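What follows is a set of structures for review.
Both of the next two complexes hold chain A, though its partner changes from chain B to chain C.
Then we have the complex of A and B:
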């Protein structure tokens, strides 16, 4: 905290045209993003490649938030666990969510894997996928939605996501590069294609972590020790 | 660039934010907050930050609303203050 207070005034002022980010750094990103990684969407390149370490930190923050909810809210004894959610009585809600859920899921996968070319990426696609699972949880009830995505899967999903992203960094380290330096991946492709592939793996890791964490928070909140409460 | 549209979304987001502070029924507030998230997402998109707008549309206008509704079930529905 004290360190932060000491270091704070050293940062450039808000909107300072002389700062590094407004000067040569942004121009370098805009000029070289496509050449470096064969990816038209500059936002994706910056998030997953140039600032990959930042994004890894973000993923860990999301994961830790999910862990905090787990420790604060989850009931360990399954006998005591009641569910807030039961299946809806409305046939309109039932049918509409049944039609919408697979469409949202396919669109979420498209957003994750098409993040190189259009807006989107791991965070957006993962949140969409988690949203579709929450939609099913809310409309079909907790019991009926377990076969699509079991509540025992959500924490492993989050862990797997963080490990995919962090493990990618370790692979590049072992191959002789810096941490998360994708063009050192030992696959024998051109450098820009390697970075393209590295971004894809990072996005998939982010998506796993976001899906697992969001569904985990929701399940921890909705599974109480009290069963179905009063309306 | 597109001043009127940006101003309109900004105004709508402002109205939704003030309404969320004034309404006492927490379930209604959760719905108003998702509307706020949606207007902010439109604002980001109008300003050219499409990736950020996408994120806000999915998280602010979608997932957080559901989380709020479930969290309200753990407490009372009406705000006291």
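Then we have the complex of A and C:
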């Protein structure tokens, strides 16, 4: 800690607009993001367009982490451990979660699809949507929440997300561009609108992958093994 | 000494808190015996790194990095968007690593019925 404190003054001053990190690519992104892709949210453009390949790798990392949990923990018969996730006894918790779940889900979809214009995007919206499903799992019990989102659905969701994102890259490749070069999509729109559309598809893919993986990790952690018995 | 303090505390006060958080995380990671506490320490460490990047992104007088026609595309008027994008993905990766770590801890507890490092090493030696 002492070392870090001594090294502290070597950092650029806090809030310095001239700091090294704020020049070069960062300035280029700010200047060109709207012109290139007709999308006001610069962070979204960086994530899904300029650094699209990086984000694809990121989605694959999340997906592989979900798979790792699955292979480490999943049993074919999770019913034996139902006592860990029983339905809540409290009517207040029950009612409140019933009311909140659809609102959270609508808001999650808004965050995903409005990510071009406001803070948001696939990662955040996907996490919110997964949160609403986990809320159901915790409050309604594992068995009762299966018809909201079945535990057999989560891995297919994650695979679908990765495939949407990767498939988008393949489409641009077939259309004659580079991998994930959205302005080559064969749709006959203006180039910036094509990139806008490409970002949207990529974000939807990310959201699918995040929802599937988070629910999958939660199910694997909560429903397998003997767990800790109640009292 | 006063110059040093001025450089650190006046111009870079936000980093001091990050360094504190980093130290707390590192302490938990190294000194705690319980593996769950070690994992929590790792999460605190990750949060400190994420905060450090976000602090780098801040600019005095900068607004949110969402293009505004009244502001125009002037880089000095928006906070740096690149660290935000990077940290967005870093948060997701930290969630994924936490998930895998918890899965491993579940397996360790199932097999050795303890998460204490010393007891664990003892049982590993005996078997």
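Going forward, the second predicted complex is superposed on the first by the 197 of 231 C-alpha atoms of A that agree within 3 Å, B and C clash if a C-alpha of one lies under 4 Å from a C-alpha of the other, contacts with A are read in each partner's own complex, and residues count from 1 in each chain.
Throughout what follows, a residue touches a chain if its C-beta (ideal position, glycine included) is under 8 Å from a C-beta of that chain, and two chains touch if they have at least 3 such contacts.
Computed from a predicted structure; not experimentally measured.
In the superposition on chain A, A:188 makes contact with neither chain B nor chain C. After overlaying the two complexes on the shared chain, residue contacts for A:4 are found with chain C alone; chain B is out of touch. Contacts of A:55 after superposition on the shared chain: chain C is touched, whereas chain B is not. By the touch criterion defined above, A:120 lies against chain B but remains apart from chain C after alignment on the C-alpha atoms of chain A.
In the superposed model, A:221 makes contact with both chain B and chain C.
Between chain B and chain C, C contacts the larger number of chain A residues.
Of the two partner chains placed by the overlay, neither chain B nor chain C lies in contact with A:176. In the superposed pair of complexes, A:43 makes contact with chain B and with chain C alike. Looking at the shared chain after the overlay, A:138 reaches chain B, while chain C stays out of its contact range. Shared interface residues of chain A (contacting chain B in one complex, chain C in the other): 43, 119, 121, 123-124, 127, 214, 217, 221, 224. The residues of chain A lying in touch with chain C in their complex are 1, 4-5, 8-9, 11-17, 19, 21-22, 25-27, 29-35, 39-43, 46-47, 51, 54-55, 58, 61-62, 65-66, 68-69, 72-73, 117-119, 121, 123-124, 127, 210, 213-214, 217, 220-221, 224-226. Put simply, chain A touches chain B in their complex at residues 43-44, 84, 111, 119-121, 123-124, 127-128, 130-131, 134-135, 138, 214, 217-218, 221-222, 224, 229. Against chain A, the residues of chain C that register as touching in their complex are 4, 7-8, 11-16, 19-20, 22-23, 55-62, 64-68, 73-76, 78, 80-85, 88-89, 91-93, 95-97, 99-100, 102-104, 106-107, 110. By the touch rule above, chain B contacts chain A in their complex via residues 50-51, 53-55, 58-59, 62-63, 66-67, 70-71, 73-74.
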